[in-house]
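Written below as structure tokens is the structure these notes are about.
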Amino acid sequence: MDMTIKLEERLAATLARLILDPAAPPARHIAVGAASPIPAAACWLVKKQGHPVRLSLLHKRTGNPFSEGSRELFDLTGQGRIDLFFLGGGQIDGQANLNLVGTGEWPGKSVRFPGSFGSAYMYFMTPRTILFREEHSARVLVQKVDNISAPGVSEPGVFRRGTAQALVTGKCVFAFHPDRARFSLASIHPGETVDSIRAATGFDFDVADDVPQTPDPTEAELALLRGPICDEMLETYPEFCARVFDRKLAA
Amino acid sequence: MDMTIKLEERLAATLARLILDPAAPPARHIAVGAASPIPAAACWLVKKQGHPVRLSLLHKRTGNPFSEGSRELFDLTGQGRIDLFFLGGGQIDGQANLNLVGTGEWPGKSVRFPGSFGSAYMYFMTPRTILFREEHSARVLVQKVDNISAPGVSEPGVFRRGTAQALVTGKCVFAFHPDRARFSLASIHPGETVDSIRAATGFDFDVADDVPQTPDPTEAELALLRGPICDEMLETYPEFCARVFDRKLAA
Amino acid sequence: MTPNSPDSLAATVPDGALLALPPDNSLPSVALARALVRRGAKRLRLLGVPVSGFATDLLIGAGCVAEIQTSAASLGEAGFAPRFSAALKAGSITLRDATCPAIHSMLQAAEKGIPFMALRGIIGSDILANRPDWKVVPNPMGDGVSDPIVLLPALSPDVALIHGVMADEAGNIWVGRRRELATVAHASKRVLATVERMVKGDMLEDEKLAPGCISGTYIEAVAVAERGAWPVALLDEYGFDAAHVAEYARMAKTEAGFAEYLDRYVLTQQAQAAE
Amino acid sequence: MTPNSPDSLAATVPDGALLALPPDNSLPSVALARALVRRGAKRLRLLGVPVSGFATDLLIGAGCVAEIQTSAASLGEAGFAPRFSAALKAGSITLRDATCPAIHSMLQAAEKGIPFMALRGIIGSDILANRPDWKVVPNPMGDGVSDPIVLLPALSPDVALIHGVMADEAGNIWVGRRRELATVAHASKRVLATVERMVKGDMLEDEKLAPGCISGTYIEAVAVAERGAWPVALLDEYGFDAAHVAEYARMAKTEAGFAEYLDRYVLTQQAQAAE
């Protein structure tokens, strides 16, 4: 087995640790949206480590978890049954506002992103959201998003069950503090420094005196990812599995 | 074949003629509720006479027309797709108010009827309702119902697609006039007179100089009722078919 | 591990719970209603989805019920629900009348996690006059002054009792076309289900079976209860036992007759073993 | 009588119609989209249910579309929707952004015949700021001053285009677990459907098939179109043709390439005969 740790493996293990964060509300049921192989791998890691968690993988074609069609995810979330969701964004700003619509004048005259999907709802109605965006650049992590698809914090009186717990990128982990609507640097991936991160980040964030390094995945975690988790993901994410785990679906 | 016309046959043929009334909005889709063999027979008569009509018989156990459960009738009606429905009542008054709840103090401390089912909705949202109650007595047809389950007329500004077209009883047919919230005597079944009907009716109603007799079912109508319509109804209404058509479901 | 039984499920239903129970044509778990009678449940609040039938009359007769919200209660062809009528007359239960689509809408509001849903009709009905929890407002999407419309609050039952055809190893229940059962499952805090039989595997993996399933996400516990809807019908599995319901209707006319019915069909060892 | 074809169905869709189209994972009739391109439909207003995919990009590229309301438009793994992006940049289409549950709720309001439905969330999003037809009110079931909530108007498409697995002689369509298709069928004024195959009888009489059916009540016309969802997937019938969609994504990067794609796959006799 090639023991070089791939970034995708590190990110999956990092997300898994955030899912299991004992300080956060429990994650008994996690939904994972389309085209999210790393969050999906993280959820499988939590499950394969023996934690009792239900995974609803939205874009499973056969055996899709929903028997009420695509509205069931939103209804489930409205009922308070989804504990954790993942969101990304074409832009993410320092107040954890997400822009999935585009840059420039509404609706994205400059660069158009695909659209907001259910983010304007899920971000409010899920007790915890983990923001995930592998690209860590000043283009993506901006001071202020051009358009707010989903706000990171809401005014008092607005019904809201939760917001971002953290933002995981290819360079680091930020924790989000809704009380002051700011990120703080929680850990730094190998090869990065506080300065390299500052240089790649368009928004201000808090930095403690001693920021730890993001831990490596353990051997047990890597074995799970490369073995049984890859098995689970092979049908939905064949290209990802080929690239990261060097495994192909049998013809 | 026994050519004595049974009252049930007369009522079914009478209801069928009301369904086909050219002055009324078209009945392309009719829903028939539980325990309504005579309205069901009337609808089958319309259909077997070759008129294009869709029948949704709510309480069909196998092959039930609804694939969304029991709310589908109400949603269909909300969409404006149900043109005609039948309602009855433990009490019906001269303004076409229906009481399906009970007599005396709410919720029917004196005599309790089963309940209002969907009447408080269907009566508003269906363009036409035919009221049907075989028992014609001052106990049922009252001046003013004790409790209004569903009102016959509504104040201006209240969204309402229709109300009663007519009230058919074992003794006569009343037409309903929502503009003046009154019934008028439309036809009298054989053996009755205006006076006998007045004596059996608790509410006031209008009477023209010359009230016709309710016509007999034609031989063609009787043949349909006793043959193919009985065939259709045998599974759902075995007792009715045995009693009226002297036909039993093969064991 | 002892497999679940209707009685072990009924043991988890607390006194005073708000119980959703579908009517006779829509897969009520009559087996669980009998088990609740055996456990001597008290002060239950029943919700007819959207009307009430045999199981409700049984629970009322056995003194398990304090309150009922429904759009109608009857035994169908066998006539009025006798213990319901008697309890109303005696004043031993509180009744809140509703109308069928209102119950569907209140459950759908809970299913969607919204505080209310609008419904047309009802205005001018005494049902509304007796429902202080239903509110008439000017249509907020209209001109704001005319066009009154009823708003109904979301309703989330504590426990839904349903009887499905089968359950699988993933905890999914198959209820066929009775999709209002999915809504009540989604809207309820807990779902206890009985089924005719267990099947292997995961029905959500089967394209033909999935559309008739309620996902195991919503199901807390399942027990096998063969003929668990009896004496009412179960889809194409078995028909309505009209003779038995007529016998019930006769016996339940009096309190003594009802007690005898319970002895014969609900409380005895034999009756219990048959669940 | 000539049997219906996708082209004969497309001929009945008027220019300017509001068309509901499910996305790539939820049974869009791509066959009908191709037929609309062939018939040269104009000024269509598309609704993504709740997002938009391949068929939408095709219609936009072919100049059939004036307006689109959706929660996202993409080709999934094959990336952004190229003709959608180009048309937006060129200003040749008007876009109204929504969010997935809002589209479901607007359709459910139409399904229920109510003028609006509430939805949590959204407040503070620029999506709301750009939707004058969505309204924020104090929760009318709350204390009436705090707790703002969004109300969404009912939305009734003129025509829904869906692709089912099969249709029967009663006009019912089987769509399996994609129940949002039933909602859009209920909410729409007309439904035009293509299916893989016709089957005998009435699926509503079959307890196993009924739960996955949309009743013929809602279906105006059906045409057989084998592989009518291609290149997107159809439940367990066939998978997503990733290679073809990637080819489309490459060709549709330019207007010329898109025109060549249409020639090769949509407009030719051969392409037409394959429907």
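By written order: A, B, C and D. Residues from 1 in each chain.
By our rule, a contact is a pair of C-beta atoms (placed from the backbone, for glycine too) under 8 Å apart; a residue touches a chain by one contact, two chains touch by 3 or more.
Please read all numbers here as calculations on a predicted model, not as lab measurements.
Undergrad: Measuring centre to centre with CA averages, how many angstrom lie between chain A and chain C?
TA: That pair's centroid distance is 40 Å.
Undergrad: How many angstrom lie between the CA centroids of chain C and chain D, rounded to a whole number?
TA: Here the centre of chain D sits 36 Å away from the centre of chain C.
Undergrad: In whole angstrom, what separates the CA-based centres of chain A and chain D?
TA: Once rounded, the distance between the two centres reads 29 Å.
Undergrad: Quick check: what residues of chain D touch more than one other chain, meaning two or more?
TA: 112-114, 119-120, 149, 177, 179, 182, 204, 207, 210-212, 235-236
Undergrad: List, in ascending order, every residue of chain A touching at least 2 other chains.
TA: 62, 64, 66-68, 74, 78, 125
Undergrad: Can you tell me, using the touch rule above, whether these chains form a line, ring, star, complete graph or other shape?
TA: Graph shape here is other: it fits none of the named patterns.
Undergrad: Could you list each pair of chains that touch, in label order?
TA: The complete list of chain pairs in contact reads A-C, A-D, B-C, B-D, C-D.
Undergrad: Give the list of chain C residues in touch with chain B in this complex.
TA: Listed in rising order, the residues of chain C that touch chain B are 25-26, 50-51, 70-74, 76-77, 80-81, 84-85, 88-89, 95, 97, 99-102, 104, 108, 119-130, 146-149, 177-183, 233, 235-236, 239-240.
Undergrad: Spell out the residues on chain C that touch chain A in their complex, using ranges where they run on.
TA: 110-114, 182, 186-187, 202, 204-205, 207, 210-215, 217
Undergrad: Provide the residue numbers of chain C that touch chain D in the complex, in ascending order.
TA: Against chain D, chain C makes touches at 105, 112-120, 135, 137, 139-142, 149, 151, 153, 176-177, 179, 204, 207-212, 235-236.
Undergrad: Given the complex with chain C, which residues does chain A contribute to the contact?
TA: Spelled out, the residues of chain A in touch with chain C are 29, 54, 56, 62-68, 72, 74-81, 125.
Undergrad: Considering the complex alone, what residue numbers of chain A touch chain D?
TA: For this pair, the touching residues of chain A are 34-35, 59, 61-62, 64, 66-71, 74, 78, 100-101, 106-109, 112-125, 147-151, 154-155, 157-160, 239.
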